[in-house]
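Note that chain A is present in both complexes that follow, paired respectively with chain B and with chain C.
Moving on, here comes the complex of A and B:
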């Protein structure tokens, strides 16, 4: 039985275009969610390290709960609960129920999940920065915001990159879980193509290759970033 | 020669240079106490450093020398007592737990830019080249122009003999080189006082000399310096005042000649004897 490559053509009746659009959506969600997760992670890590007891307890609840619950459950939960909450809020303010943009909801969901893991990765990395370097910055009158931006974040980066690189790769694959809430990212698009043509094997192989390409390209970028971040460190 | 700053009780008595005229007090500590939990490390220390003074703080380990130095720029916050820099008192207050804390962040940040600290373990920023270490504070804290800051940084690195290493990261340098770079970083803010916290204690013996040479050079140009050190012969050579700490108190202070050749207290006699 031969393979009908024309099914992968970019324009209909080929499904290649649908798959690529799914890939782009997946990458948008992964990128947005990862960025949101990093922002939450930086805040969370500093809150855990330097915050008051209440802040610390709240963050501990957040990271524990998110990391304890399976991501599939979380995604379904946050996606439906989140959109429901927004709609209720809109109603109580006298607006009609709003149609939540799936992309924004997806980014939000992935971001919340990633934020919990980022918090822990960054907390460990910040603790690995020699305290003397932070003390030196203080001794020269650096305000805390500047100290964070100029000293702590760049100094902790080499310690954080392996963990953050893992999180990025996980983010790209977590987007596939959004298929369960009916969101058309790469996995959903693949299923639709397979369903329409009954050629599941071809399309899932194609999707697998696309995910692999994402990882390979990511690895190259991570390598460059890591080399730059580790410039000041001697290789042992 | 400002007469405006109120002299502390020790100001005129302990001045090393017998100039007769009052010189301006740069750093004044009045009855400074510092406790870590139950342990009282400083038990009421008063000292004054005038413009041009090179003050060496000596004493056995655990006597509170480093803690005293770190109280000047509030890396350690005194449990009680007063610290003045150029006559300006650093505001402290008590928090809800009765602990001492900085009253005004901005005041201490401003005062810290007048104090050039050099640490025992260098504490250079490892993710920056030597030049970037030196220009960091001038550009980002003092708001200097980048090209000016670079010009000054290169001159300072030249002075400490590291111009050729300006694009190197600290991890690739010896301890002596790192400490010289750290001195250049401190000089870059053009401080009123240089604070040295055991600057040679983390160095291999053969690297001590190159760092002492740089510090000696600074002393000879009349810079005000406060130096915590174990290098007694160096203290004797560069300092015009020596303070001997014992268990958190000033046991004896005076000119190097008096301290090292004619120690009055028995403890100082024993300390001088033990290090010979």
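Moving on, here comes the complex of A and C:
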């Protein structure tokens, strides 16, 4: 059996364009979910470190539960529950049921999952900042917003970057799970292409190469970012 | 989907500077309130959702859990057996072994598990029937079913991630210990068996514990290729009953319980490690 490369052509008889669009969607969801996760993570980490007892316990429940339940189950649960909740809210406000954008739902799902892991990474990184530095800033009368921006965030960054980089790689791979709820990202697009042409092997290999390229390119960027964040620090 | 747990840093001064909560008991007033609230939520879910399907599907759910556990255990054991040579090849092997081992780990870690699974099941699986030799061999009985693909994919996935962990663990064993073994005239194999492998294993143990839990969380993917594990059973329940939340919440509960049991097991094993100060 020869390989029919024309199946990968970018224009319609070939499925290359569909795959690339799937890749773009995957990257959009990964990027959006990662950013949302980071936002949750910053809030969660500060809540866990400096929040009141109730905040701390609730956050502990959030991170423990998310980390104990398989991503697949979470994604299915949050995907359906999230869209259902929005629809019910819309109904109770007197609107018609809204058709939720799959992209937004996907970003939301990945963000919630990533948030739990981000919280733990950032909490560890903030704890690694010598307390004297924060104390010194307080002694100079810095308000907490400025303290966060000028001292805590930059000082914790070198400690956080390996964990956060790892989370980015996970985010790109977790987007594939959205295929299970029928969302057309790269993996689902590949399966559709395979189903239409019966050439599953070729398409899954092509998609694998695309995912691998994302990982390898990310690794190079991470290396540069890490070097920059660690400048002036001792080599390890 | 395997994640590396964030490194635990030493308790910072920031913690010590806070009013000490360490001495106080776990039962603080707010915790009791939170517990009451959560019990109330569970009761609400029990009262308002439909659970009658549990009676009918109970035996299937148990079989599903058993299948998930079985997939987990087998893939971990086989994957770890593959990971040791993978790690060793990268640390000590000649280039001709080290490069493929490194390439394998990068490939596995760089692509989603779901894609690997579908590639093998739909892609490779669809190639097998076209080869007459395979159709006639005894392998065909297995290759027609879904679970060998799930087991194989989960195994190589675990091997890929653990190969990387073992690489670090092998490289981290102090050089002097290996030198001492050599000075005693140990053969390379005996050195590996007596010193290098056990020391590397104990070093890798905390990471391995986390990775095993990650592996548990990867097993439900098998349901996407028709293996009826516990996720598959619940998916069936959802199809039969049109219930959205109750089966999924129950499934989440099952996985939380399984994770809890695994965490305890890992802790027991770790506490038995006969070394100090690693």
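The rule we apply is simple: the second predicted complex is superposed on the first by the 235 of 236 C-alpha atoms of A that agree within 3 Å, B and C clash if a C-alpha of one lies under 4 Å from a C-alpha of the other, contacts with A are read in each partner's own complex, and residues count from 1 in each chain.
Basically, contacts are C-beta pairs under 8 Å (C-beta built on N, C-alpha and C of every residue); 3 or more make two chains touch, one makes a residue touch a chain.
Keep in mind that this is a model prediction, so the values were computed, not measured.
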| item | value |
| --- | --- |
| First (chain B), second (chain C), both or neither touched by A:12 | neither |
| Touched partner set for A:145, first chain B, second chain C, both or neither | neither |
| Dominant toucher of chain A (residue count), chain B or chain C | C |
| First, second, both or neither for A:58, with chain B first and chain C second | second |
| Partner chain(s) touched by A:212 [first = chain B, second = chain C, both, neither] | second |
| Touched partner set for A:132, first chain B, second chain C, both or neither | both |
| Chain B versus chain C as contact partner of A:163, first or second or both or neither | second |
| Touched partner set for A:182, first chain B, second chain C, both or neither | neither |
| First, second, both or neither for A:69, with chain B first and chain C second | second |
| Set of chain A residues, in rising order, touched by both chain B and chain C | 130, 132 |
| Of chain B, residues touching chain A in the complex | 73, 75, 105, 108-113, 115, 117, 119, 121-129, 136-137, 140-141, 169-172, 189 |
| Complex contact set, residues of chain A against chain C | 1, 49, 53-54, 57-58, 65, 68-74, 76-77, 80-81, 84, 117, 120-121, 123-132, 134, 159, 162-163, 166-167, 169-170, 173-177, 179-180, 187, 190-191, 194, 198, 200-205, 207-208, 211-212, 215-216 |
| For the chain C and chain A complex, residues of the former touching the latter | 1, 3-15, 17, 21, 28, 30-31, 34, 106-107, 109-116, 118-119, 122-124, 126-127, 130, 213, 216-221, 224, 231, 244-245, 248-249, 251-252, 255-256, 259-260 |
| Residues of chain A defined as touching chain B within the complex | 130, 132-133, 135-143, 146, 150-151, 154-155, 157-158, 229, 231-234 |
